[in-house]
Amino acid sequence: MDDRKLRAEVRAFAVRTMAALGLRPRCDSWMVSHSPEFSRALAARGWVGMTMPSEYGGHDRSFLERYVVNEELLALGAPVAAHWFADRQVGPSVLRHGTEEQRRRYLPGIAAAERYFAIGMSEADSGSDLAAVRTRATEVPGGWRLSGAKIWTSHAHRAHSILVLARTDPPAERRHTGLSQFLVDLDLDGVEVRPIATMDGEHHFNEVVFHDVLLGEDALLGARGRGWEQVTAELAYERSGPERFLSTMPLLRALMREADCAGPAVGSLLAELRSVRVLSYQVAQMLDQGRVPTVRSALVKDLGTQLERRVVEVACSLAPVRPDPHSADELPRLLGEALLHNPDRTLRGGTNEILRGIVARDLVGSSAGRLVP
Amino acid sequence: MTGAVRQVVEGLLSDRPQEVPGQGWDEELGRQATDALADAGWLGVGLPEKLGGEGGDLADVIEIVDAVGSIGWPSPVADQLLISNGLLEHAGVARPSRYVVVVPALGSANADGVTVTADAVPWAPWATHLVVVSPAGERTATLSLVEPGHAHLRPGRTLPGAPFAEVRLDRAPALSTTVVGTAATDLIGFVRSLGSLSRAVQSRSALRRIQELTLQHVRMREQFGRPLSAFQAVQQHVAALAGEAAAAEAAIGQAIDGMTTAADVVDGPRLATARVRAATAAREVVRLAHQLHGAIGITREYELHRHTLALLAWRAEFGTEREHAVQLAEAAAAAPDLWSWLLDES
Amino acid sequence: MTGAVRQVVEGLLSDRPQEVPGQGWDEELGRQATDALADAGWLGVGLPEKLGGEGGDLADVIEIVDAVGSIGWPSPVADQLLISNGLLEHAGVARPSRYVVVVPALGSANADGVTVTADAVPWAPWATHLVVVSPAGERTATLSLVEPGHAHLRPGRTLPGAPFAEVRLDRAPALSTTVVGTAATDLIGFVRSLGSLSRAVQSRSALRRIQELTLQHVRMREQFGRPLSAFQAVQQHVAALAGEAAAAEAAIGQAIDGMTTAADVVDGPRLATARVRAATAAREVVRLAHQLHGAIGITREYELHRHTLALLAWRAEFGTEREHAVQLAEAAAAAPDLWSWLLDES
Amino acid sequence: MDDRKLRAEVRAFAVRTMAALGLRPRCDSWMVSHSPEFSRALAARGWVGMTMPSEYGGHDRSFLERYVVNEELLALGAPVAAHWFADRQVGPSVLRHGTEEQRRRYLPGIAAAERYFAIGMSEADSGSDLAAVRTRATEVPGGWRLSGAKIWTSHAHRAHSILVLARTDPPAERRHTGLSQFLVDLDLDGVEVRPIATMDGEHHFNEVVFHDVLLGEDALLGARGRGWEQVTAELAYERSGPERFLSTMPLLRALMREADCAGPAVGSLLAELRSVRVLSYQVAQMLDQGRVPTVRSALVKDLGTQLERRVVEVACSLAPVRPDPHSADELPRLLGEALLHNPDRTLRGGTNEILRGIVARDLVGSSAGRLVP
C-alpha cells in the first residue's frame, strides 16, 4: 500500500493543529493528552470513525488506513485521548452488536468526535477476573436498574457515555455467562464520577458509581448474557494497535536528537520497533479480512509494552538530563512523563501475565504448533 | 537502642500527616513533621556531643533513616544524618543549626568571600546553613559556613517532589571558616561518597517496604476465587522480587560492613557495588511490584507509589547506575588479577 | 510448487542418517546426504537455467532451506543457494560444480594469478570451486574461479560441527575470470549481505522448529500428574517463547519482503533488523526452550540441541548482533528524522 | 575471619598441582573436570571432607573454611568433579543420618577422595517431581531388592557408589511419604551404567539401571520413609555454594585479561558477583550455626546461575574471538565450553522455577514478610 500521501497529510495537519492549539507532543498521548478541539478538527478531516460506514457518519476506510493515521498521530504524541476509546472500541462494538437505533444514536457522534466514551470493565475487587463483576443490571418495567461501581475508567469525567459490563443473570456452569453490556450516558440521575489521582499528578482515572440508575430497554448492547463474548472480541481491537508500541516514540525522537545514540542499546530498540510494527500492521490486515486475531493481538501488546518500557530505561541511561515532567525543555519533560507511566504500561488492557496465558493456551491447544498465522 | 529509636521516630512522624489527600506530599506539612524530629534532637544522632550532636553510631543513624524511609515521603533526614553530620564530624565542626546543607562542588574562599556554583543540590531550599568546601593548601581545604540568604537559588523538584536547587554564591560572607587537613578535591569526593551512601541506605529502606507491601497485597487480594499468592505466575514474580531485594540488601550490607560512623565511608568498589545493585533492584522491584499490584499501585491513595518515585529518582543522584558500573569495571580492569580484586585483597 | 519441494527434500534427507549415535553429526555421512541433494539438482534452485541452474525464485529457495533446516544438522545448502547462487546470478556466471564457495574477502587478480586471505570461510573444506572477488577498474570487479587444490586451508569447526577454513590463495591460477560492473568493495559487501541473509533465513527455520519441539514437549510430558502445559509458570514461558519467535519471524519476513531472488538483497536497516532480532530471539528462545525441556534438551539423543548449537553459532557469523545493532543506531542517528527512517521513507 | 593465609595456600597448591598434572582451568570444572589425582592430592592437604569430624577422617573445620577453599578452587577452574558430589552432599548426609557403621564405612573414603559418589534422584519420567519416583526397594530377607533407573547421574561411570532415592512404601495422603535413601555400591551385580552423551560432546551424565539389585539391610540411609525430608535438607548444601556463581569465573578472568572490559556491562556483572558472594557466604555462616537455610539457598542458586549465564552472554558480545571448545587458546576455549553449558545452568539442582516456588511459598506463608533471616 502506498500510504505516503495519507501519512504526509496527517503529519502536516497534526503539527499545524497542535501548534495552533499550543499543545506539545506527549508520551502516552492516547491516555493522557485530552483535547476536544484537536479531536474535532481531526474528525473534520475524516480521521475519526474511519472504518465505520458513511451512513453512520463514518468514512468507509480500511483498518490499514486507520492504522496509518493512528501511527502518525502517536509518533507525534498528538492529543488524541478525547476520542480514542470511543473510536477504538465502542464504535466497532456498537456497529457489530448494536440495534439500528443504537447505531444511529451513537455512531455519528463518535465519528464527529462529539461523543466521548469511557470503558466500564474493571471493578475494585475483580482485577483481571472479569467474571467476578459485581455491578448488576436488574430488569425493571421499561428497562434496567443499574447498581455498582467501575474503576480505572479513563476520562469518565470528560466523557458523555460509558460502556458498562454488568451481571444480568446468575452465572451458570461457565462463570462468564450472565454478563451483558450497556450503553450508559453519564449525565443520568444516579451516576457519580469520583476522581482517582495517580502518581503522575494527573487526573485521568475515575471511579464511576451507579446508584440505582434507571436505563431504558435500549441501553442493552447486543444479546443479554453475551457480554463476555462481546468484550473478548473488542480486545483484539484494543490490544493490537500502534498505541502498544508507539507511546514512547516522542521520547525516542527527542533522545535521538539530543543524545549520543549510536550504540548497541538504541540499535536493539530500533530493531524491536521495526519488528513489532510488522506484527501490529499484520493485525490490521487481519481485521480488514474480517478476522479477530485475539492471540496475535495479545502478542503485540506483550512485546510492544515491554519495548516501550525498554525505551524509557535506555533513555534514562543515555539522556544527559534529569527526568522532570514539569521542565520547559522537551527531553527532560518527555523523560519524566514517560518514566511516571512505566509501571503501568504492562498493566493496561490486561496484565501481560493474562495475555501470556491467552497465547500459551491457544498454542498448546492447537495441533499445528505454529503461531496463528 | 535497637528498635526503640525506630519506634520513637515513627511515633513522632505518624502524628503529623504530610499529604493533602489526592494532592500528594505537601512541602509545608513535611517541613513541620521534620521540624518536630529536629526539635527532638534526632538530626544530631551520629555526631559526637562535643560537636553539638547527640552521639550514637551508624547503626542508630540507619535506624532513623529506615523509620523515615518506611513512610516514603520526601525527607532530608538521611542527608542530614549521613552527609552533613559525616562531613561535620570529619572536619570537627559543630552543627550550627537545623538543616545544614553541604554544597557538593568545589568552591573558592578568600578575603572577598565564598564563591561556588552547584547544580541540583538536594534540599538546598530548606537550608538553614550552607557548607562550602574550598581549596586552601595542597593538602588542606577550608570549610565555610554561609547563611543561605546570601545564595541565589534556582529551585526544582525531583519526581517524588523533593525540593532541590541550583546554588550560586558570589563572594558571600562566611560565618566561620575551618581548615581541614584534607585536599579540597578529596573532600568533595568524600562528600559525594557520603551522598552515595545516603542514597544506598535510603534505597534499602524503600526496597524493604515495597517487598512488605507486595507480600501483604498478594496474601490479601483474591482473584478467580483464590488469593493472588496461590497463582504460580504470581509466585514466580514474588520470588524474583525477593531475589532482587536480597541481592541489593547484601550489596548495601557489604558496603557499610565495618563502618562505625558515616565519616568512615570510602569511595571504592564496595560502595559502587551497593549503588549499582540498588539501582538494578530498584528497576526490577518497581516493575514486579507494580505488575503484582495492578492499577492500585500507581494511585496516590496507596502507599506504593511513594517508594516507586523515590527509588526512580535516587538511582540517578550522586552518580548514576551507569557511572558506578563503569567505575567498577575500570577498577577491575586496572587490577592485576580480577579474583584478588573481587576479594578486596589488593 | 509450495509444499512439494519441501516434501521431496525432506524425503531425500530422511533416507540418509547423518549421525553416528551418541557421537553427533558425522561429516562424511552429511556429505553423502548433501551430495544426494546436489545430484538431484536442488543446489541449482534459484539460479536461471541459462546459468546452469534449475530456475525457481526465492520462495523455492527458502522452502529448501527450511526443509534442510528443520532437520537441524550442519549443511552448506543455505549458503549454496543464497550466497553462491546469489553472486553467480548477479555476475552472470554459470555454476561450475557441486559446492561453489565464495571467499568473502577482497582478493587481487593479475597475470600472476589470484591472491586472497580470508578467515573462517564457512564450508570451504567442501569447496569444489572457490570464487574470489578482486578489484578491476573503479566501478568494476573480476570474479575468478579457482580450483580448491590451489588453496592453503586451515580448517576448523563451528559449535555444531560445521566445517570452515581460513583460506589462503597465493598467485593461484584462475580457471576463468569474469568482469562484473560493480566495484569490488561493493561486491564484497553484497556477498556479506548474502551471507547475512542466509543466516537470517536459517535462523528462522531453527526458531520455528524449536517452537514446535517445545510445544510437543509441554503437551506430552507430565509432571505432578498433569501435562506441563497446564502449569502457569510453563505457560508464561511458552508465551514468551512464542513472542520472541513471532517477532523474529516478522523481522526476517520484512527483510525478504518484495525480493524475488537472493540477488535482490540490500544491505540496509531491514536486513540488520532481521539479524538483530533473530540473534535476540535465538538467545531467549534457546534459554526458554531448554528451561522447559529440562536436561533431556542438552542430550545428543534428542533433537533440540542441534538447533540450539546452530543458532548460537549463526548469530555471530556475517556480522554479530552488536555490529548489526550499531549499524542500525548509526543509520538512524544520521537520518534527519527518526520516524521517517523507521518507515523507510528516506 | 582472616582467610588470606588459607586462600594463598589453596591457590598456590592448585596452580602447582594443575600444572604438574597438565590440567587447564575450565569453566564448570566441578561438573566436567574429573581428576582423581587432583582430588587425592587435595585430600592429602586436608581440603576434602573438611567439615567432617576427624574420627571419620575429616578435619573438624568450619563451613566457612570449606567455603573459602572451594571458592579458590572454582575461581581457578580446578578439576574438582571427582570428589565434588561425595564431599558436598553425601558426606553431610551420611554424617547426619547414617549409622555408626555406615559412617565408618563411607566417610574416610570420601575424605581421602578415594570414594566418589553419584547422586540418584531424577528419573526419566519424574522431572522436578521427586514424589513421582518409581525406583522401588522391596524388603527381602536380609535386606532389599532395588529395581528401577536413575537418570542424569553425573560421573556414575567413574564413581564407586551412588546415593539412591527409592520408594519403599506406598504414598499416604502426603505424596512424599514412603520414600527412602539407599547407599549403593556401583560394582554390585545387576547395576548397569549407560552413558548419556550431551551436546558439549562429553560424557558425564549416565543412566544407572538397577536390575533387581540385592542390597544388605545396612544400605538404608536414615529412616525408612523419611527420604524426602533427608533429600530436602541436602538441598541447602547443594544449592548455596560458590559453584552456583563461580562456574564461569575462569572465563571472566580470561575476558578481563584479553578484551576491553571497562564498560557498564562488565561493571554490572562485577556488582552482581560481589553481591551474590555475600549471600552465598551468609549461607555458609548459617550452616556453621547449625541452621538449614533452604530459602536463602534457593535464592543464591537462582541469582547465581542467572549471573553465570549473563557472564557468558557478555563475554560472547565483548570477546574478539569465536567460541571454540577445541581451541588451543584460552579465551576461545573457555568461551566455547561455557556457552555449551549455558542452557543447563538454570536447570542444575532444581529448575529455577521450582526454586522460585520454594521462595515464594515461604515468603507468602511467613507473617513477617521479611526475607529469612
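Letters are used for the chains, namely A, B, C and D, taken in the order the chains are written, and counting of residues starts over at 1 for each.
Quick note on the criterion: a residue touches a chain if its C-beta (ideal position, glycine included) is under 8 Å from a C-beta of that chain, and two chains touch if they have at least 3 such contacts.
The model shown is predicted, which means the values in this text are computed figures rather than measured ones.
> Tally the contacting C-beta pairs at the B-D interface and at the A-B interface, and name the larger one.
B-D
> If every chain is reduced to the average of its C-alpha atoms, which one ends up farthest from subunit B?
C
> Averaging over Cα atoms per chain, report the distance between subunit A and subunit B in Å.
Distance between chain centres, rounded to whole Å: 39 Å.
> With centres defined as the mean C-alpha position, give me the subunit B-subunit C separation in Å.
Chain centres of subunit B and subunit C, defined by C-alpha means, are spaced 53 Å apart.
> Find every residue in subunit C that makes contact with two or more other chains and list them.
232-233, 235-236, 321-322
> Which residues does subunit A have that touch at least 2 chains other than itself?
As it turns out, subunit A has residues touching two or more other chains at 353, 356-357.
> Based on the touch definition given at the start, go ahead and assign the chain network to line, ring, star, complete or other.
Contact map by chain: other.
> Of all residues in subunit B, which touch subunit C in the complex?
Interface residues on the subunit B side: 231-233, 235-236.
> With touch defined as at the start, can you tell me which subunit D residues reach subunit C in the complex?
Touching subunit C from subunit D are residues 122, 125-129, 131-132, 151-152, 195-201, 205, 309, 313, 316-317, 322-326, 336, 339-340, 342-344, 346-347, 351-353, 357.
> Tell me, which parts of subunit B touch subunit A in their complex?
For this pair, the touching residues of subunit B are 22-24, 120, 156-159, 221-224, 233, 237, 283, 286-287, 290-291, 294-295, 297-301, 305, 308-309, 312, 316, 320-322.
> Would you mind writing out the residues of subunit A in touch with subunit C in their complex?
4, 7, 75, 249, 252-253, 256, 260-268, 270-279, 282, 296, 299, 302-303, 353, 355-361, 363-364, 369-371
> Along subunit C, where are the residues that touch subunit A in the complex?
208, 211-212, 215-216, 218-219, 229, 232, 234-236, 238-240, 242-243, 245-251, 253-254, 269-270, 272-273, 276-277, 280, 321-322, 324-330, 332-333, 337-339, 342-343, 345
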